Amino acid sequence: MRATILNCTLKPSPEPSNTDALAELVAAGLRELGADVRTIRLVDHDIKPGVSSDMGDGDEWPGIREKILNSEILIMASPTWVGHPSSIAQRAIERMDAMLSETGDDGTPVAYNRVAGVVVTGNEDGAHHVISEINGALGDIGFTIPGQAWVYWNMGPGPGPSYSDTDHGHQYVHQVAGLMAKNLYAVAAALRDRPIPAEIPRGED
Amino acid sequence: MRATILNCTLKPSPEPSNTDALAELVAAGLRELGADVRTIRLVDHDIKPGVSSDMGDGDEWPGIREKILNSEILIMASPTWVGHPSSIAQRAIERMDAMLSETGDDGTPVAYNRVAGVVVTGNEDGAHHVISEINGALGDIGFTIPGQAWVYWNMGPGPGPSYSDTDHGHQYVHQVAGLMAKNLYAVAAALRDRPIPAEIPRGED
Amino acid sequence: MRATILNCTLKPSPEPSNTDALAELVAAGLRELGADVRTIRLVDHDIKPGVSSDMGDGDEWPGIREKILNSEILIMASPTWVGHPSSIAQRAIERMDAMLSETGDDGTPVAYNRVAGVVVTGNEDGAHHVISEINGALGDIGFTIPGQAWVYWNMGPGPGPSYSDTDHGHQYVHQVAGLMAKNLYAVAAALRDRPIPAEIPRGED
Amino acid sequence: MRATILNCTLKPSPEPSNTDALAELVAAGLRELGADVRTIRLVDHDIKPGVSSDMGDGDEWPGIREKILNSEILIMASPTWVGHPSSIAQRAIERMDAMLSETGDDGTPVAYNRVAGVVVTGNEDGAHHVISEINGALGDIGFTIPGQAWVYWNMGPGPGPSYSDTDHGHQYVHQVAGLMAKNLYAVAAALRDRPIPAEIPRGED
């Protein structure tokens, strides 16, 4: 099983990223289950605005798209800015919009039979909404969202510390990140064994 | 395979419900695939405010909850009011919140290995958000959300006709409702054959 | 200046309400500024489902609606359930939907020249989204939303204590609640002195 | 009175922008009332990712920020992508996040006593949510959101034409855009005459 994590932090490498630190817990859980996991920090790449799979002229999205489509598991990892997914996360989602009209060999949309989950950090409230926003978009495109396939960290009320600044809640997120890895892996495996068919035979049960 | 549709219209029976009319397209698609489908119009029942599975004293939620847990497929069908899921839909979600701490025989949360989808009508814009809101909540509770497992109808901009008032877009929703039924059924079947385990053996691929 | 607080907790009186406790900070701030403030716990009243101002037959909304329209300031105070405003808050918003087509003596919608703010509690993340959802609806109906006219309390990550269980963040919310009261009062006063006109004379500056 | 419109289309100049076409209706309404209006197409500028007012090194945000702060009225005009504000809109909001800690001469946050509104286009459902998302962020930062200060256009259900492709709903949006202009102008004028004070004298009414 292969997993791609898109780290949607606003901070370019080599700045430390809280989002990366939290996503690494999920990556570790997936690796323990036998998955290959790679992480791409999107802000380090030139991803052009637009809604096609290739916007030409230095656009680095095509290579990232290929990695997504070589994986059974997609994880969007985003900071919370003003209560929303980051502009980098939204940029990636806009580019994935093109997948709506792209189909694989069996005629189903390319995102079918892939699963997705969300990792969210923040120095303030907003994570559940970020999860709903990203999953809403990915479900639209065709990804399946396993139950409880997310992990988040923040500490309210009001602006507070970042994930890496404190130990508060770390035990909780370790546990939830492990659960997320398990659920992503299990549903990806179920869909590998019994994929959504192009057509379902009628009258079956 | 069994499916329960919660119709979250604000209109009590026997008033005609646009939401019901649209949900019936999905029900028909599921029945063609061999599923048993029942629909509950929640507003006809006394569902007490609260976040426990039984609020006592005339509360009709326990019987509805049992039907949900006897089904592999849950469909929330909601009108759009001021851009949101209806208060009836939110009431049902609040009551399902109790499922977060309820587990089945194998120790996994009761919503695991069940799938969910959303049907939305409206006389104005808002459907995608209603879908994200409901799916965000159901995913939190443990339901798996198959890709493209929703159908909606509205006609903007501004206040417009209701679904049953016009033929506009009916061909589109017939097609999308069929796709929704297929995807719900296929992912439910995959999870029946290979459920999310209580524990995953390490090192597997 | 008069203010009405709609407490949208799921808990009937006389159960203590965290939402009420937080809303009282704002009420105190408004009273210090000279405002009359009353709080209505909506769950204690029979508010029928629907989108008309009077659903007949025991419906207690008409009396509540009158209090809202006798006030220059409206405050919706809601707990966070599964990341959303409570079903009680959504019920109130649905009933206010009727105001979209109701106008006052000068021909402007009844909500014009009134201001609104939001109070949110929770034992988990979600407050910013609850604020956006409620303000989105109220702005649609015609209320003006002053900048920084909200206060929230929760403590993440994951399920945590309720507002009244701890002192964590209380100093922060006292300060923010005072700011909210000030901003609501100031914008309400500005609109009282210089209301949105039915028609604006052209070419003015 | 001065107004700045941030056009958050993904399409660089000179490509025609549906969002621009709809925003121009509001601009025309504001000009009729005597306002100076300028529009900035953000995608034509290099706006660096980050949450400071100046990210250095070719960052064009500082000049745009200055225009926003020279205006009493801010309009965010965004297309709808996968149900969300565009990545360009979110980028602008992230950069305005820095305003949370910036104050003017009187000690109030720089966004105070400014008003904001939203214009949304799309070839599919999502506008009300885009409005709530953007207004939620701007209210957080300190802008006041007048009632009914938005206009949107889309035509559901499912993917449909763009605003400039059809006459459907154009009469509606002309009327709503005029109302939006009036409400933005009126509340901006009220706050110019009677601004939110740094401190409110106690006991006033």
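For reference, chains read A, B, C and D in written order, and residue numbers begin at 1 within each chain.
By definition in this document, a contact is a pair of C-beta atoms (placed from the backbone, for glycine too) under 8 Å apart; a residue touches a chain by one contact, two chains touch by 3 or more.
Nothing here was measured: the structure is a model prediction, and the numbers come from that model.
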Checklist outcome for this item: Counting C-beta pairs in contact for B-D and for A-B, the higher total belongs to A-B
Checklist entry - When the contact pairs of A-C are compared by residue number, which of B-D, C-D or A-D has over half in common? => result B-D
Next on the checklist: Based only on mean CA positions, could you tell me how far chain A sits from chain B in angstrom?
Outcome noted: 24
Item to check | Euclidean distance of C-alpha centroids - chain B vs chain C, Å | outcome: 29
Checklist entry - In angstrom, rounded to a whole number, how far apart do the mean CA points of chain B and chain D lie? => result 35
Item to check | Shared-contact residues (touching 2 or more other chains) in chain B | outcome: 83, 128-129, 132-133, 136, 140-141
Next on the checklist: With touch defined as at the start, can you tell me which chain C residues reach chain B in the complex?
Outcome noted: 10, 12, 43, 49-51, 81-88, 90-91, 93-94, 96-97, 133, 136-137, 140-141
Item to check | In the complex with chain B, residue positions of chain D that touch it | outcome: 83, 124-129, 132, 152-158, 169, 172-173, 176
Item to check | Residues on chain D engaged by chain C in the complex (per definition of touch) | outcome: 1, 32-35, 109, 111-112, 128-129, 131-133, 135-136, 138-150, 182-183, 185-187, 189-191, 193-197, 200, 202-205
